[in-house]
Amino acid sequence: MDPGSLDSYRAAGGYEMLRRAVSLGPQGVIRELKDANLLGRGGAAFPTAVKWEAVASNPVRPHYVVCNADESEPGTFKDRVLMEQDPFALLEAITIMGFACGAEQGYLYVRGEYPAAEARLRHAADQARSHGFLGADVMGEGFAFDLEVRRGAGAYIAGEETALFNSIEGKRAEPRNKPPFPAQSGLFGKPTGINNVETLLCVPEILSIGGPAFAAIGTENSTGTRLFCLSGCVEHPGLYEFEFGVTLRQVIEAAGGVRGGRPLRAVLLGGAAGSFVGPDALDTPLTFEGMRAIGATLGSGVVLVLDDTVDMTGLLRRIAQFFRDESCGQCVPCRVGTVRQEELLARLARGTPLGSARQELALLDDISAVARDASICGLGQTAVSAAISAVRLGLIEANGTGGNGKEPA
Amino acid sequence: MFGAGGGTSSYREAEDADLLVLWGSNAREAHPIFFHHVLRAIRRGARMYAVDPRRTSSAQWADAWLGLEVGSDISLANAIAREIIEAGLVNETFVERATTGFDEYAASVQPYTLDRASRDTGVPASLIRQLAHDYARADRAQICWTLGITEHHNAADNVFALINLALLTGHVGRYGSGLVPLRGQNNVQGGGDMGAIPNKLTGFQDVAANTEARARFEAAYGTPIPPEPGWHLSQMFEAMEDGELTACYIIGENPLRSEADTGRARKLLSGLEHFVVQDMFLTDTAKLAHVVLPATATWCEAEGTVTNSERRVQRVRKALEPPLGARDDIEIIGEIARRLGAEWGQPSAEDLWNELRTLSPMHAGMSYRRLEELGGIQWPCYDEQHPGELFLHARLWEEDPAKRGTPAPFTPVQHDPPVDELSPEFPIRLTTGRRLDSFNTGVQTEHYATPIRRPETLNLSPEDAARLGLAEGEVARVSSRRGSLEVPVHVDQTLRAGLAFMTLHFPDQVATNVLTLDAWDPKSGTAEFKATAIRVDKPGQASPAGENLNAEVEA
Amino acid sequence: MDLRLGAATPATDDERAAVASVLGPPAGGWDGGERTAADAHVAFGGHAARARRHLLLPVLHAVQERVGWISPGALDHICVRLTVAPAEAYGVASFYALFRTSPSSSAVVHVCDDVACQVNGAEQICEQMEHRFGAEGTVPGSNGPGITWQRSPCLGQCDRGSAAMIQHAGADPGRLVLAPFGPDQVRSALAPAQPATVASLLAPAAAAGGARGSGLARFLPGGGGV
């Protein structure tokens, strides 16, 4: 299918699910999502139907819908591939969301580092508009919906839903306190539904096979399929779609296993905001509940494979630098905590701990607890997760080395 | 208006208004506290219109700025009224039940078509129409004004023009709607309320017409009170000129610097036989006096009350001892009284206030205890159970005519352009005003530093500055029919060609009132500070022939 | 609102044109346009003016693309057109990594050194970039046609081994993603013969790097392989 052609999309069945949505009506659509038990694929795993219902039923007007295409979690590229290869599908899905939530205006916020995806989406939106799939009377079905594509400008934190609203509003991408939640007060202070690209692309699928059929895929609590972003020390990095419930071992094997047949040291699950798991976790089912059970997270689907040649200390320091850089700076636990984490890991790497390495690791625990409990948003709350999991796995030794025999720099 | 001279609405009502008109008010700089309420209103979605010759910092917040010609406010107001009538937007129920004189008023505004007003004011007809419709249709609307309306030779008429609009649309006597004159000094409202005006006793009881009140005061004071109104300040200056007024006792006022036509003021004050000034600073006026009585700073060195623009009487408490030699105003006046043969004892501020409460019905319920408990009380407050009135004239909305009382009158007024006419010799209209960083004649503000204060300048539009070949900071000679002075130029985007601006804040550096005209309103006594005709030249160029070109550059 | 503008030099014609490409031409003298007699007695502002505040990022993008940085003069002009306080607008412009608030090369190469690229030789690539283009962040001759490079957080090309994005400004601006990446690619990517056109971006995925990472492998029930 040619991603630049509306005709090609329609020939492949495009926009039939929008018609299905209209015939079901907004409540019918939301019921299907409820039956499907669709959970968000952006990282937070919130029930999508609950979100849409809260917006749809809010008496305050107008409503807005937003597609969060600010994919910036290190190791994540699934949304980019989806947008580059199937832009019309995303537009159709957002239109369905607008219809179901009672919104006449939607925004698609795509990160500034995805020029190809942005170009294809803009082109697709122009085509859709000129053919009546966006505008004052969509497909002649009597409802209005239009979409504005907005370009991000290089800020990981803009992927946080309320920070994204602030960015669309022309402000610094600083998260807001929640509650109120977006369904109560979101974009421009109005009821807003916001979802990730992959989540939205599940919607036409659900309308096509029906909610119960979707729920039959995967596990009871993690329904449907999931895109996994394989990268790092694997033979064939790329995007892999599996039913929920597949194990970590199976996913890595599908990607050709650890490259060069080297021994697996660890896997970073969920990106920089996620955590490391060791070889002993390979048979864990990749589900939301399965991850919770081992204290890890699926996050945005990152599976970053690391072998025995990787400089773990360097990696952790790069993660710490990332969070310190990307912290918006509003709240002390994150603004200061991310700095302290970076400094601490640097001291360990240099072999100059404050007191002993053990005391440093206790300090790291402390910083993590404060950031987790007191930060305004998920960035602060997860900034130290990777480091803490690395310590738990012994990826940082008590003497501060990276555990692969490398001496502190 | 309608009797007592006070704003109808409380500050907080502005926050709930749908429409606010700042008419002749640069509240952002001159009434910043009130402007906070305006900003809250704007944040809640209220629309704001600014009517001002300059596009001031207040006007820059407005949804629309009407940059009218100086002194054309009545033409604008009358055109708005005519448009409201034509468009069928009059609040007919209110007009019928609560007003008188509508027919004459409607007839008087007939000639003020949108086009006529557009010619008089320079404002496009479509914008005048827009304001008319918006004001009439708003649920809650206020008109807020200050010196831009009252510092004119026809000040009272300007105010009537605005009152007429509120009566036409029923935007008075209801929560959130009203007429809001913003007072300048913190207690100028209180000064009038207390009777320091020539035709009213305390509590706005007319000295001539209200014989019952006068009798009560006479009984309380134990002395007859002349039934004729006295002189206001402009009349006093005329009386000095005629030799009728030969002695003067001034308390807390600096007329040498604040009066129009400084040259004349200096000559007349210097000619008094006996001149006493009571003040906390040795002002330029005080320097002309025969006797100076140093007084306390009443905001921190004395007990008493003050009254603000929302009619709220609040307590002032002594916090500091005055410096040696300065004495309390009450004490000074008591001592003078004793030497004049009246023994008043040594009353405290509260004693005097309690006496006042027995004589002024609108203050009767305001004991010090209640003022302290309630954090201030808005008059009228008729007894100790009365909570004070949030907004005035609610009676006009009563169903029962007996409760409604006397209807409010429309007062037809006509456009009357400024007295100091523009001519080929004096082609630029100078208007004066104030800045955020300084206060009036600068006596109180000149002693502290602030990074936002610039020295005095002649503000010219970019067009005029270019035409006159004057660059930013270059010194120019400004002349009016009364005087001349030199002042550096500041190029000011908020001015249009033909309009200039100066302040009165730096009389030692630039005595702006050397230029202004003291044409004053017979009904209010305020001079036309807002409209002077000037010419601007480079220094050294020939000045026009004329009297009194003394440049008052240094004091 | 009353704005405190303070840029030493006003916006250039290019900068004004970039802003107008998003907002349309100014309505008049009070809106950032030429001052005429029509501005002498009337101005509009207030809610209608502030309603366009949300267009600040698209406007900043337009200026960044045209000129390579957001100058104080450009920012003042933007503030007048959108009724934003300059301090606030500067706070927004300086928050985002793709906006530059100091004079810059027209081409900036963002080289990913984040976690996935780290295990794929990002450090060596950065060493080579430094060798070839100087230290990170160096602006060779300010505001000119030079090349500046800097390290970047994840660019979302983790399936391709290494990655960089070239952000270039001018009459024909663009953002070019190169993945996998090597320093040799920079100059040829910027050569005039190969501008990134809409058509080339819209072409069906012709990913550099062949089959690896070019698509989506699906493992569905009853399905099996790719």
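A, B and C are the chain letters, set down in written order, and residue numbers restart from 1 in every chain.
The rule we apply is simple: contacts are C-beta pairs under 8 Å (C-beta built on N, C-alpha and C of every residue); 3 or more make two chains touch, one makes a residue touch a chain.
Keep in mind that this is a model prediction, so the values were computed, not measured.
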Centre-most chain [mean C-alpha coordinates]: C
Remotest chain, chain B as reference, centres from CA atoms: A
Contact pairs, highest-scoring chain pair: A-C
Chain A-chain B separation of Cα centroids, rounded to whole Å: 62
Separation of chain A from chain C, taking each centre as the mean of its C-alpha atoms, in whole Å: 23
Cα-centroid distance, chain B relative to chain C, in whole angstrom: 54
Complex contact set, residues of chain C against chain B: 1-3, 30, 35, 39-48
Residues of chain A defined as touching chain C within the complex: 2-4, 71-77, 79-81, 84-85, 111-116, 119-120, 123, 150-156, 167-173, 188, 217, 225, 227, 229-233, 236-243, 246, 254, 268, 271-272, 304, 306, 310, 314-315, 318-319, 322, 325-326, 328
Chain B residues within the chain C interface of the complex: 28, 42, 45, 47-48, 55, 57-68, 121-124, 127, 462, 493, 496-497
Residue ranges of chain C in contact with chain A within the complex: 53-58, 60-61, 82, 84, 88, 91-92, 95-99, 110, 113-116, 118-120, 152-161, 165, 174-177, 196, 198, 201-205, 212-221
